[in-house]
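Structures for review follow.
What follows is a pair of complexes built around chain A, which joins chain B in one and chain C in the other.
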Partner chain A sequence: MPTSSASNHSSHPEDLIGRLNSAHTPYEVKLKALRDLKNQIIGNRTKKLAFLKLGAVNSVVSILSSAVVAGGWENREFYELVLVQCAAIIGSFACGLEEGVNAVLDAGAFPLLLNLITHINDKVADAGARSLKLIYQSKRAPEYDFLQEKNMEFLLSLLNSKNENVSGLGANIITHSCQTTLEQNTLSEAGVIERLVGLLRGSLIQRDASLESLASMIYGNPEVASKFLSPENGRALSVVVELIKDKQPRTRMLACMCLIYLRNASTSYLQDSEIKNKLVMILLELLDDPGQVGDEAPFVLSSLISQKEDMQKIAYDADVVDKLCENLNIFSFQPTRLQGTFLALADLCSKLECCRDRVIHLKVFKFVTEALAHDNPHVRSAACYFLRNVSRSVKNLSAGQFMNEAVAAPLVQLLFDSNESVQIAALGAISNVVVDFTAHKSLFMQFGGVKQLVQLSKSMESAIRINAVWALKNLAFLVNNKCKEEILLELTISTLSSLISDPEASVQEQALALVRNLVDGTLNSIDYVFGENGLLLHAIGKQLWSTSKVEVLIQGMYTLSNVASGNELHKEAVMDQLFPKTINDKETVLVMFMQSADSRLRTAAVWALVNLTFPSSPGACGRVTKLQNAGIVCQLKNIVNDPCLDVKLRARTALGQLIMFGDAS
Partner chain B sequence: MSLFWIFIHHLAEVQTMATSKKLITKQEWEKKLADVKVRKEEMNKLVMNFLVTEGYVEAAEKFRLESGTEPDIDLATITDRMAVKKAVQSGNVVDAIEKVNDLNPEILDTNPQLFFHLQQQRLIELIRDGKVEEALEFAQEELAPRGEENQSFLEELERTVALLAFEDVTNCPVRDLLDISQRLKTASEVNAAILTSQSHEKDPKLPSLLKMLVWAQNQLDEKATYPRINDLSTAALEDPAV
Partner chain C sequence: MPVRVVDASSPSQVLGTTSGNNLPPPCTLLSVGQAFSGTQNVSSLQKDEAWRVNVRIQGCDLDHGYLCGTMEALNVPMADTPVITFWEGEIVDTKNYTFFTGKWGATTEDDIKHWTKFASFSPLQSQVEADGGKSLDLSNYPHIFMRWKEQYFVNVGTDCGLTIAGFYYVCFSCSDGSISGYYYDPNSSPFQKLELKTTNEGRFGYSFSTYELQ
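For the complex of A and B:
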């Protein structure tokens, strides 16, 4: 059938797919229909979704597979045209559309495309490589196993290819699948770095692909970083340094990323102030990019400044905070941009008070409120992360900047979020926000925060339990008894005691710290641990005798210390835990704690001694005898000159008190 | 770029020598220029770069044969690129889109702004041809979803659809969209995107070299009086005014 009449066919989606699927349609007409389909979907998300629903991917993949076979027999050139169109369509479905990637993978296109890249016709190889590259941009693409020798050989053959799309694909595969240190080292040993360095001097596609995969190989790996910088790679570093000034914004960004990962991998590279300033200035400019580069730039910025106070200061001085806040306004409809911007702001606010002040001055809180309720879970998490860091500002916290209705209400809502990582991020934010010195804690309770925190403290997911108990602990910090009672009423003593005995040590630690905060303060609050026949006290005592985790022991000892500061009954109850009847009367965990290598545990133990032997209390004498029998005096003498001043001071006080009761030799 | 740095180098020399304005005669200047060595091959590359970027295929082919300078790009792709450019310039946007997709399907898939501008141009052409119903349908089906994805597209779309609201489009506030310059703008955007996808600079190097020359002369004017090039097309050295 001549092509001119084929153009009379309807290009309505259903008809188009019908023609592709029909066994009676001649291949010439199918080729025309394929081109038509391609031109309809490229750049057009709506059309892609519509055709996906009609099963277009399956139709195209089956034409592709039959064309591969048919082309082997006859009319090779014609079938090559079909292959090119099919590959282009498959690639377009996979481009920027997760549903598309899924459909393409489910239809079994992947192995077919892999076969195309070794095709003798360069145009076919090009089309196959392009499609695979687009698939590899998605996280859903299959992981490439570099550890298999055959795979590594194939990868190297890709990287060596003269076809820029094929060698670029090789680099893209590394970017996608290289994650572990073992994979990084294996690639490096196979000589991949040298090849990637070679590609840095190639075409735009090769350069960008190479920069990105170099970054993924260097990330967190000092060994690979130093191999990259070794003389055998010539002036590789200076090539990358040149590329941060490239005309293409994407190249600039990827080159920055490479340098940042290099300097993060080891503190001995790229630490001079010139490169620091340059990186900040270039990323600052890239934040203005309206497209994908601008979406990704805040994440790269975050990797530059995260955990690095000096870099945060440089960024602050370059007005990066202002630029990011401005972008919250301009790009408020772009989720990736919002996520990255909040992450970068969070990093800036992690340490420097000036950044926190600036952010508050620029009134970003209305964006925070919106972001906390955003459709996209990543945006919600990022907003929480930001809130957590900005609320580290004691000054602004005590001024009640954070605990207002606009923040508290959506934040409490996030505790009900269906996404676990959002819940964890929200708990992190709440933990900081509730450490509030004013009366604002009640606001949090009003919104039902306590109830939900308690629910989450019973979660199956340990990360959620830890964070929930952490938040409760901070909520219980320096509050009045009314608040404490409300927390306990909701939580119940039995739940709290099972949290103390949680399988996760970090949960135990936080639960003990929560009890420590609850019993801190008035005599009445000490009574909380005596409810339900001293269930909590027993749980604490049991942990002290069984766990080896020093953090847990510290919190446990401080809790007992707080209890021992109470009345006679309280002190005796602590003694019962330290000298349990089931164990030899003369042995106590205290001796072990006082010999601990951790000065914090030594301090906590000696504090308890000070409180137990306080001279004016009537039962002190009996307790002193018991302690002396257990050899405490000898232990105390060992630490009166402790290198830790805290230990030294408390040990002397305790020893003084013990001596007052007579024979302390 | 080397020519430029040689120039800058001279500039620096002059700067260190002169505290007040220095006079350089034409003779001295020409002597200095004679010392500057520029390789013929590099000059040829610049010319080839210009011909290729601007899309003069035949001239590039002739120049390749005459000078032996290899173009940094497959000449066949220039023909394709020019065909796309020409299609947009003559208002045949559908044809242009098909040609771009044949050339490299990634261009329009990864460049939403360019894709939108081409679709917008298609809408403009429909309106120009008086196909009101088709234009409305096209705006609704093809362009509206893009507007939902991007705020600035929505604004541009609204501006374009406004063309339909005026009886006399030659005298309305958005008439510039119907201008031939709008086609040229879109065409050059497509041209630049294709060049970038071919790892080629969007702009030829020669004009920027001339810009640098003018800038360098302006800098030098503050420090010295020298034979200046005022007419770039002849590049004649003018005698310094004493």
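For the complex of A and C:
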């Protein structure tokens, strides 16, 4: 049977690469092989990976490089065809495949492609721009230094180009590389905004690229935002407002993003209820998009509602919670979508109890359990943020919603995660979950949580130490003595006392608050601070005399105050810390604390006095004398009319008790 | 605290927000972890009866005028175990909540009738009658007025024969931490009085625990 004689070359990958690499292959045959390669890999991830393994990118970049040189001498038109094919293939390898981007950059394609943009033949320039655009979709693309004058000139020339791919590339470069306020301002001063506004009226490619780069310039920058809105840009804002109704989903999403960044940059723009509702409704609809737009929409939604209770309420009323939960079911296999959905749900649940109730009602925990064990660390972190925010509900903590196999057990596993960001995110969620008011705190210990929290409290990374001790503090809140003993056994008194003296003030604060909880509850729990010759008590006392951080002092004073609510021995031990033998009897930190500008510290100090002079305790009389000698009565009289009601009332109680034991004048 | 079912109306839902105890409480004696004990008089025409009651504060969010906790009724005749309910409180701060309830079946007259039972309310009464107390600054007033509404049973099912349909008008004394309250439910005996005192759990003084939500 006769066959087509169009090709007598095999299209087998190895043969194809062989032809591209061979010095003996004529250029005509190489061009044919390039076309063949391009057709095989377009949209085919498997093929791309197979050719990557065979070193196809290096082969193509090498041909591109030699064609650039050769085209300058003879047969220009032919070599331009080769250039176009090479650029297209390189772009295709970089499209949606990180391994491809890496190979392209490693092979040195980037500067070659950049050169093509200024090529005399518009088709070559176009192919170069398309290819670079695809590379710029990856985070791995090289950063563009806008601060160099030469670079800025080149960028402006790109934006001015009549070729939509070239001007679009200019905008893509901005989206990719504009990150700092300095870069935003430099671009703005160079007149970039005016050019981007011009592109808003251009083709679809130019419009989308312009919207995205405008967003990156406006993000968190009120100055650039107001420049965008200035009269010299004409009706730029109304153009963007119109584009949120565009028929292209991506355009709608990018226009929303632009408007959201504008309103986030300053509270004076776009705050009317019409635009608020519109943005929510458009994003709600975009959440349904099965492709990239749908993957990105939850992140855009998140930027709209994050920290904004009014926006969260509007989103809740528009059933956004239901839609996001529904998507957890539909798109559970897409990591980016999962991450974005959990982040948006986390934002919704950050403040509003109705949102938390709704997600619990919609039974999202089964998806959370899976997400906490996901391969992708961003998904694991996002699930932790969601859990942290949903467990801010005291009502649900009290109902024991979180301390179970589905939530607490996988969270504990994340404390072993190799990724530090995931560990910190997990610690945030655990800190809340362990507050659990039911009698189920022991479950957390059964899951191995205490052991690992203690390990993390010894981390070199201070953020991990703070969060681990924070979680231990919350776990120790209203817990029974058996659990307290388990915490102390694992943590040891000496580690706890080192945490009280940690170089980080926030760790000191959390460690003191942990001791405060350990000595609360039954009377005998006060004895915990007397172990190992009162190591903890000395550490607390030492910190009170040496630090000036008010948060640390407050926790330290409440801890001593709790100890002072015990028996005679306990109260006398507190006196020893407040009046150390090495220091003059008349000097005590108490006076300083009672004069603090912070009413919380004044309150804590006066509570300690109330406990030390508690009427039914037999040794109160001796302590009263010591306190009087230190000038405490005088200090108390100064604060019996304190502007803070709590201080005032406690001071009156303490003064009354002091007076009961003698002449307090 | 639950009372016997007379009418099977369901409790109203409240949209509230909580952020734990990140802000200082209005008064340390009303901070998270604090415990109170006392009685609720449930006497009716037929007999005199009082149930022992324990209360524990679990959450406080001043920004939203919110307080919550549990209430444990100890000698409930119909129950085998103490009955624990979870309640949410509205702090009358004239910003988030005023003295007028505006829900749960309570009219303005019911409100005034109950608030006036507290002696500490009398200096405020005329202003409350004029504008609901909107112009009052209660931030330094030594009494805190609240409404506590039970939301669910913690340790028994809803079929326990008890109801939490009503709510409490509550007055807390910042000086000594005592709490008095009146249960309001049109279907229960009127003015059931709740009286609680701060407990020091066997200590010779006051102890304060803490937690912070992230």
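Keep in mind that, in the parts below, the second predicted complex is superposed on the first by the 648 of 665 C-alpha atoms of A that agree within 3 Å, B and C clash if a C-alpha of one lies under 4 Å from a C-alpha of the other, contacts with A are read in each partner's own complex, and residues count from 1 in each chain.
What we mean here is this: a contact is a pair of C-beta atoms (placed from the backbone, for glycine too) under 8 Å apart; a residue touches a chain by one contact, two chains touch by 3 or more.
Quantities reported herein were computed from a predicted structural model and do not represent experimental measurements.
Q: With the two structures overlaid on chain A, would chain B and chain C clash, or do they fit side by side?
A: Chain B and chain C fit side by side in the superposed model.
Q: Does the superposition put A:432 against chain B (first), chain C (second), both, or neither?
A: Touch status of A:432: second partner only.
Q: Let me test your reading of the model: by the given contact rule, A:398 touches which partner, first (chain B), second (chain C), both or neither?
A: Only chain C is touched by A:398; chain B is not.
Q: Per the contact definition in the header, classify A:569: touching chain B only (first), chain C only (second), both, or neither.
A: Once the two structures are laid over each other on A, A:569 reaches no partner at all.
Q: Contacts for A:489 in the overlay, against chain B (first) and chain C (second): which applies, first, second, both or neither?
A: In the superposition, A:489 contacts neither chain B nor chain C.
Q: Looking at the overlay, what does A:634 touch: chain B (first), chain C (second), both, or neither?
A: Neither partner.
Q: Counting only touches as set out at the top, which of chain B and chain C does A:45 meet: first, second, both, neither?
A: first
Q: Give the label of whichever partner, chain B or chain C, reaches more residues of chain A.
A: If we count touched residues of chain A for both partners, the winner is C.
Q: Superposed on chain A, how close does chain B come to chain C by Cα atoms? Whole Å, please.
A: After superposing on chain A, chain B and chain C come no closer than 37 Å at C-alpha.
Q: Enumerate the residues of chain A that count as touching chain B in its complex and touching chain C in the other.
A: none
Q: Quick one: in the complex, what on chain A touches chain B?
A: Going by the criterion above, the answer is residues 35, 38-39, 42-46, 88, 91-92, 95-96, 127, 130, 134, 164, 203-205, 207, 247-248, 290-291, 333.
Q: Flag every residue of chain B that touches chain A in the complex, lowest number first.
A: Per the touch definition, chain B meets chain A at residues 97-98, 101, 104-106, 108-113, 115, 142, 145, 149-152, 196-197, 199, 201.
Q: What does chain C use to touch chain A in their complex?
A: By the definition above, chain C touches chain A via 15-20, 24, 26-28, 32-33, 56, 58-59, 68, 70, 86, 88, 139-140, 142, 151-152, 154, 174-175, 200-214.
Q: For chain A, which residues are in contact with chain C within the complex?
A: 309, 351-354, 388, 391-395, 397-399, 428, 431-432, 435, 437-438, 467, 470, 473-474, 477-478, 513, 516-517, 519-523, 555, 558, 561-562, 564-567, 571, 599-600, 603, 607, 610-612, 614, 616-617, 645-646, 649-650, 652-653
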